[in-house]
Amino acid sequence: MLLARVAGTVVASRKEPRLDGLTFLLLEQLDIDNKGTGGYVVAADAVGAGVGEVVMYASGSSARQTEYTFERPCDAVVMAIVDSWEVGGDDRYTK
Amino acid sequence: MLLARVAGTVVASRKEPRLDGLTFLLLEQLDIDNKGTGGYVVAADAVGAGVGEVVMYASGSSARQTEYTFERPCDAVVMAIVDSWEVGGDDRYTK
Amino acid sequence: MLLARVAGTVVASRKEPRLDGLTFLLLEQLDIDNKGTGGYVVAADAVGAGVGEVVMYASGSSARQTEYTFERPCDAVVMAIVDSWEVGGDDRYTK
Amino acid sequence: MLLARVAGTVVASRKEPRLDGLTFLLLEQLDIDNKGTGGYVVAADAVGAGVGEVVMYASGSSARQTEYTFERPCDAVVMAIVDSWEVGGDDRYTK
Amino acid sequence: MLLARVAGTVVASRKEPRLDGLTFLLLEQLDIDNKGTGGYVVAADAVGAGVGEVVMYASGSSARQTEYTFERPCDAVVMAIVDSWEVGGDDRYTK
């Protein structure tokens, strides 16, 4: 999984029918110090994350292992909202 | 998923039989500001996207989760045409 | 999928038994202008491609979705020989 | 698999229900000389690794091939604690 | 698949039970001219490769398509020992 901040949302009305009902979030990847790396990905939202929140997302076939994304053509899913992480005993991020 | 612009099409008459009937699009990857990154990928088209349109595509095994690509040797699929996206409340792309 | 030119062949007599009978091609990845990127990959050949030909290959689990590679430890397959591609109406490659 | 050092832990109370009970470790990737590469990943912990330990982790669908992670939306798992590795007969890391 | 030289071995006594019996090789990735790229990966050994040998390895779910690695949390496998490869008719590597 990777850490990311929810930067915004993507709207797509014309899409593969199996995607109906999914919310697509635009994620900015974060490094271990909670700074943006410049990389981004679009992920389905399985946890109701809001813009600005820090999340974890899973990629590849693992992104289809939620009830929300099962058997859908979706390769990234937000599967957790992050409360905090620490490195060597020091908090690097707290919600 | 990643954002991309349909740059063109790829024609391949001699191919694995399971690929018959697929349309292959040449996609230029986009960054969060709707600028090309220089990266590209060839994807099957599950939504009838035209050259110049902005789309989302899924990669890996998720690319086979459409009726169109099911059990085919295809590792990328255009699964949505993008209407718009916003970052921090500002539109970065509108169709 | 990605575009590539068949640069050569790889010979391996001692291998996992399930690989018997596969031909391994050394592929040089191409950019959208038909120039080599410096990247390469070894792929099984499902279409009878020859050295110098321009092909498309699929990676990951999708590489096992041909009769030739089914249930084999193979993560890349040449699944089409490319006739041409165009970008913005201009041919960038024609066989 | 890749080599990594356990840098810390990630706490996420609001998450996809199938993730309940998993411990998430923040891993710093290591090169062949046991130095950090600057890359990181968050992985589920299937072996009880502690902060500071050197581990191996598996990515993608293989990350779901433990009893701990089976059918969960998890794309990286710590599957071994490393005792040592050697290159050309010289130890590069010993626990 | 990618080409690599077996650089050494990794020892891990505490690991996921399904990994018992696997040998882990440290691989240095090779470019088309048989030079190291600086990249490495740890792979299970399905063919009895020795240190210094040039091999091919498969990644992702394809790495589980050997009897040796089936249903194990392993994302890379050495599936062949390379005899030779050629580029444009010239040998670039011969065992």
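Here the chain labels run A, B, C, D and E in written order, and each chain numbers its own residues starting at 1.
In the analysis below, a residue touches a chain if its C-beta (ideal position, glycine included) is under 8 Å from a C-beta of that chain, and two chains touch if they have at least 3 such contacts.
Remember, predicted model here, so these are calculated numbers, not experimental data.
Taking only C-alpha atoms, you rotate chain C by 145 degrees to land it on chain D; that is to the nearest 5.
Separating the centre of chain D from that of chain E, both taken as means of CA atoms, is a distance of 20 Å.
Per-chain Cα centroids separate chain A from chain E by 32 Å.
Residue positions 60-61, 63-64 of chain D are each in touch with at least two other chains.
The touch graph of the protein chains shown is a ring with every node of degree two.
The sequence of chains round the contact ring, opened at chain D and continued through chain E, runs D, E, C, B, A. Residue ranges on chain E touching chain D, taken from their complex, read 7-16, 18-19, 24, 26, 28, 40-43, 51, 60-61, 63-64, 71-76.
Chain D contributes residues 1-3, 31-32, 46-47, 56, 58-66, 69, 77, 79-89, 92 to its touches with chain E in the complex.
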